[in-house]
Amino acid sequence: MVDIASGSAAPARIPATGGASRDAAALHRAIFIGLAALLVVAPFALYPVFLMKVMCFALFAVAFNLLLGYGGLLSFGHAAYFGMASYAAAYAAKVWGFTPELAILLGTFVGGLLGLVFGALAIRRQGIYFSMITLALAQMAFFFCLQAPFTGGEDGIQGVPRGKLFGLIDLSDDRALYVFVAIVFLGALALVYRIIHSPFGQALKAIRDNEPRAISLGYRASQYKLAVFVLSASLAGLAGATKAFVFQLATLTDVHWSMSGEVVLMTLVGGMGTIFGPLVGALVTVTMQNYLAQFGAWVTIIQGVVFVVCVLLFRQGVVGLIAKFIRKPL
Amino acid sequence: MPEIRPTDDATGSAGGEIVLQAEGLSKNFAGFSAVSGVDLAVRRGTIHALIGPNGAGKTTCFNLLTKFLTPTGGVIRYMGRDITRMKPADVARLGLVRSFQISAVFPNLTVKENVRIALQRRIRGSSLDFWRSESVLHALDQDALALVEDVGLSAYAEHLAVELSYGRKRALEIATTLALKPDMLLLDEPMAGMGHEDIDRTAALIKRVSRNRTILMVEHNLSVVASLSDRITVLARGQVLSEGDYATVSTNPRVIEAYIGAGHA
Amino acid sequence: MISKARLLAGAAMLGLAAQDAPAAAQVSGDTIKIGLITDMSGMYADADGSGGAEAVRMAIEDFGGEVAGNKIEFVVADHQNKADIGAARVREWIDRDGVDMVIAGPNSSVGLAVAKIAADKKKPFIAIGSTSSRLTNEECTPFTIHYAYDTVSLSKGTGAAVVADGGKSWFFLTADYVFGASIEKDTRAVIAAKGGTVAGSIKHPLGASDFSSFLLQAQGSGADVLALANAGADTINAIKAADEFGVGQSMKLVAMNMYLTDVHALGLQVAKGLYMTDGWYWDLNDETRAWGKKFFDRTNKMPTLLQVADYSAVRTYLEAVKATGADDGETIVARMKATPVNDVFVKDGVIRPDGRMVHDMYLMQVKTPEESKYPWDYYKLVKVIPGEDAATSKAESRCTLWTNATQ
Amino acid sequence: MPEALLAERPVPASAAPLLSVDDLEGWYGESHVLHGVGFDVKPGEVVTLLGRNGAGKTTTLRAIIGILGRRRGSVTVKGVEAIAMPSRLIARLGVGYVPEERGIFASLTVAENLTLPPQVKPGGLTLKQIYELFPNLEERAGSQGTKLSGGEQQMLAIGRILRTGAKLLLLDEPTEGLAPVIVEQIGRTLRMLKTEGFTILLVEQNFRFAQTVADRHVVIEQGRVIDTIPNADLDANLGKLKTYLGV
Amino acid sequence: MATLFGVPLQALSGQLLLGLINGSFYAILSLGLAVIFGLLNIINFAHGAQYMMGAFVAWMLLNYAGVGYWPALLIAPVFVGLSGVLLERVLIARLYKLDHLYGLLLTFGVALIVQGLFRNHFGASGLPYAIPAELSGGHRLPFMFLPTYRGWVVVASLAVCLATWLAIEKTKLGAYLRAATENPALVQAFGVNVPLLLTLTYGFGVALAGFAGVLAAPVLSVNPNMGADIIIVVFAVVVIGGMGSILGAIVTGFGLGVVEGLVKVFYPEGSATVIFVIMALVLLVKPAGLFGRTA
């Protein structure tokens, strides 16, 4: 397929001179450590609930970017996996009394399962058709959530108990929850990093760059696409399920198509096909949403403007630009 | 000059049993018949060239053989096995590997990684194992670098493929193809767009890799064809015009006519 | 039960405060900070939105910007109809900005989410625009006051009034989600109790845009009343289509949930003859007209039920602060629950132990263009629905705060 | 013979070049295909570009008409520098282009294909004149363009640019894949056009055919002009030419 | 009385007619998308917003300039089309050399901006727009009461679809369009101003959306969100149809309207999702869509 991440929109092309990949790996390790350190000090300066929200959305964007940036597939329906997982986790915790970790696992599984079904359908078409199909399927999921009794319709599932992690640690304390969310976030980020750098990730990049060639080398491209779709949907589910615990609720917002648009925006702003770009994108977008809240409809307008500006001028995103500048992949 | 029929086994110049065989291969596009009733038999250990003037249906034929197009009619057999309805990736797994007319590399991977992608399937039947570390791939680095060296790209091993010159991309593509240790190679215009030096180097490379392998190539450059091929099939207007060794086809008046036109004087 | 204990503690404090209010007064930070979280950009922006914020400002101005010697501050935010944004904003308001009381505009999911947080943080929370009756039933808290209306007041009141007015046989066109379902269910119960019948119902998907097909089926049922158990654009689209297909000629059209601004959006030509329940109307009496005019001068629109309720809620709250000199949730809520509300919004409104404010509702009929004499002259009053008829009874209540209480 | 054609007389060979290509470089995708092509075509001349496949003949034509992604150097038509122009303005200078594989539109009928190119200069043939020239086209005017035989498609491709009034024609392998009898008919057409004063730049692989129509042959290899052979000297240079063409 | 699955046949024929009316909107919208996609290779996500603009422009014409329905039916699409021309010139034209997905993202951003601006200015609860006096009232058909305006919607949209189809299939400009869809470079090499053609085509496709908006104004709520949801349904219609042909877009649009209408009778709860379900089924059987060309 004509992929979005290579060609003229390629992530910063970094000429590698001997040992560059080892350099980059060291840099990435440093960034991971820096990020962890930042997460330790951040709650002293910023509101922890806000930080947790940023982490949930960053995780969502990272999951989405795994599909777009490394699989070359633009899904316009990722809200479905995020939102359905959020409902599943919230319901399991509230009604069945699942502990947080089990509820989140269930949410992740639901996201992945839905991804398997939708993905299997969507990868039958390519390019813009793929995007339109994912959008249409997600809209179907939205109507399902709207009508199904267990989601509480427009009221949503409210008052989800944060519960005790492993039955031991009480998460109702914001600080405990913060630590838990930070660990989930860093863990998932590390997993995505590992996926990208696994043999699977290599093959994926090859398929993204040149699908016919990868096929001619014996790769069954559609299997890889489906696999990355499911992975991405599962991780989106992880993000959604975690969010259900942070806010103690699951609502229709999370399955609505505008949420799918938001995650595209986050990735675009941060830099698609970069590992750390979605984090920056999520931070920018969530901050914008929170602090422009008093401006009413201007939030949508500003989001639209950011979309247009990014597409026209900043296709590499913030982190993509930095990567180009320091000539190392980020 | 006796006309040589494509299926005339007695005149087969070289090679063992038939590896790749097409019978009555046809392809129609929206009422236009690009390839009609082509018979082709490629024998083990030969370099077989598919030539013909522009629009003769060479590339269509080639895409049919590699399954990137589905034939409208006819049968394709590889090692006696019917592959007419098989998927391209599965054909590749049988050891029948193609190259592409325009350079087919993975632009955002390094040269080494390009080759390693082809080697990668060796370490596990399926590389859907996303949880494994990149380090398992380092085991393949040595083999990859050896192949890179074979095509003279050692100095560029850590460069992204996108930065290579056109000729070097073609060389990289061949290295990647060879990494699969294919039994049979299908080369689509391996010399297209190359300068003299590149052509000579690539021709030598093809000659070298043809040992113990079967090669079918589409090529325009007749001098390359002449020096490399054991057997040539000439296509014109979607049909086989002639088949035989270079001496045979190059003196066939119908071939000459197809190429340079009949005199009107 | 903790909540009961808190309630009793609150009541005890009330007694204390009532005796020597100024002495015991303690307002944290020397300011009273009010937060309004509402929809300022979405489908309810006209019904509440910036007009609601303006109404709150009017209430603060009536107090001269200060109460019991404390400056009154006001913050407002758009929740964009997203519960997580609303919840996060309110959490931050209370945790970091020292907001003392929160009012929420429309959207039940935001209202329910904010109610949880306010209860956790022990701050008074006044729900204005949420329709979900869960706020004062299974999800009731000691700090939630549901002020303007809910699905029960819409369904019970309307159901009883319309049956009494001769609409015996009903057909429901119900939006296929919780709001629609609960309105239909509650209304059915009232209809049955009052001796009416239900000829049928159709669940339509949210945002169905074309209603002609459903209307045709409704017309075929031969019922007297067509009840639209939906909201917003769905209601408007259904009414437009009903007008086109002449449904109004054979059936009474009843919109279960509409605001004055919706009628304005439809135009009288299309909306004429429509029955609806509202909790307030600017043209009820001289007092309402005066306030409506004041509001109109500032916003260029006549106020809706929600906007006047915003005003009234803030006044009631500030009165409680003034009376008690305190700003802690228990004291204030106790005081509010103990004092009947009498202002431009309601007469003798009572805030019950479950948090529900009980007040009269009005069954209205939309005027024809000929009947309408001046701008915004849209309704004629058909029937006043007494507050008790428009609320859950104690027997029906699922709020343990109330059912377990001794009073 | 259509009368309008008689209006213009061939210009003497000493006239200034109608088309002048100088140091033309061009890229096809990533690959650098033209490395400084240069030649002139005088008014009324028929010049062929010969060379083996992949030498850059087609790319040269595409670079002249301006539909190549990247090009550099100089292309002047009637003294107007066209290297920076979009192709539609180059066409408006009076250049008609028949692409490789003819470029007949499948979603258009024969008549629509024929009338598609807008008139760029006065003095083009009328539809009637074209039908006189290629009677087959009139018979099949209503059928889908690509349902024609290869020869008819070629006639259609040539016919449609005669309508436009362009006097400089760029023809890319008009004989490719056609039966000898058709090739002959196309040869007759080209010779007729030459006598009518058209200037033609022809890409050919078939030099036997080229010989029957051209004044000069420009040989291209590896994206450069390596030789120019006047038609009269063609037979004398046959050996050399066969090497060039890799036969 | 004859019945089918318990529904009287007479009522059913009424429902079929209503489905056709609804399909009219799908048909015009998917036709616009198909025309734009065919030549520009862009999925115009702003199509819903432009549909909404059509309705609003009609309202503004009436309320600010006193221009009634009939002139608005002409003026509003022209106005929306011109806004599309501007959009294409200023923004979209910069994307032709990039992956097509960027067109989707750009127009998505534009849709957000347009919707936000209208919401800021007009609020979200909608505006009244009356049925023109000439078309009010209705006719009693043997099987149903048909409001005149609804009948007009079907007639008008069929006429516009037919006219568009004829314009594309039978006119010179249409021939340019078809040719440029196949091979824009060659058409440009013939001296045709293809960039202008792209601009006009986009403008025209957008004008179709605007036209649908004016048609919808008297029957649907005129509010800033009216296009946001319908556009996703139209995307599904387009996937089902397959963008293979102009005629395909029209036929699929009307056809799915009818199917949806039937579902409203037999299983109303499913009417919002039926088109998506059909899309999934079509994808399983015919990935290229009903009228789509394979690869």
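In this document, chain identifiers A, B, C, D and E correspond to the written order of the chains, with residue numbering beginning at 1 in each.
Definition applied: a residue touches a chain if its C-beta (ideal position, glycine included) is under 8 Å from a C-beta of that chain, and two chains touch if they have at least 3 such contacts.
Remember, it's a predicted structure, so these values are computed and weren't measured experimentally.
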Go through the assembly and pull out the chains touching chain D as well as chain E. none
Could you tell me the least number of steps, going only between chains that touch, from chain A to chain E? 1
B-D versus C-E: which interface comes out with more C-beta contact pairs? C-E
Would you kindly say which chain has the C-alpha centre located farthest from the C-alpha centre of chain A? D
From the centre of chain C, which other chain's Cα mean sits the farthest off? D
Using the average of all C-alpha atoms in each chain as its centre, how far is it in Å between chain B and chain C? 75
Taking each chain's mean CA coordinate, chain B and chain E are separated, in whole Å, by 48
Report the inter-chain centroid distance for chain A and chain B in whole angstrom, where each centroid is the mean of the CA atoms. 42
So, what's the distance in Å between the C-alpha centres of chain D and chain C? 79
Please list all residues of chain C that touch 2 or more other chains. 41, 45, 49, 176, 205-206
Listing for chain D: what residues touch at least two other chains? 106
Quick check on chain A: which residues sit in contact with 2+ other chains? 143, 147, 296-300
Full enumeration of touching chain pairs: A-B, A-C, A-E, B-D, C-E, D-E
Chain E partner, complex, touching residues on chain C are 41-47, 49, 176, 202-210, 212-214, 216-217, 220, 232-233, 236-237, 240-241, 244-246, 259, 261-262, 264-267, 269-270
The answer for chain A against chain B in the complex is residues 5-6, 10-11, 13-21, 194-195, 197-203, 205-206, 208-210, 212-221, 223-224, 227, 231
Taking the complex as given, what residues does chain C use to touch chain A? 40-41, 45, 49-50, 76-85, 87-89, 91-92, 95-96, 107-109, 112-113, 116, 132, 134, 139, 176-179, 181, 205-206
In the complex of these two chains, what residues of chain A are touching chain C? 47, 49-50, 53, 143, 146-147, 152-156, 158-159, 243, 247-249, 251-254, 289-290, 293-300
Okay, in this complex, where on chain E does chain A touch? 43, 91, 94-95, 97-106, 108-117, 119-120, 232-233, 235-236, 238-239, 269, 272-273, 276-277, 279-280, 283-284, 287-288
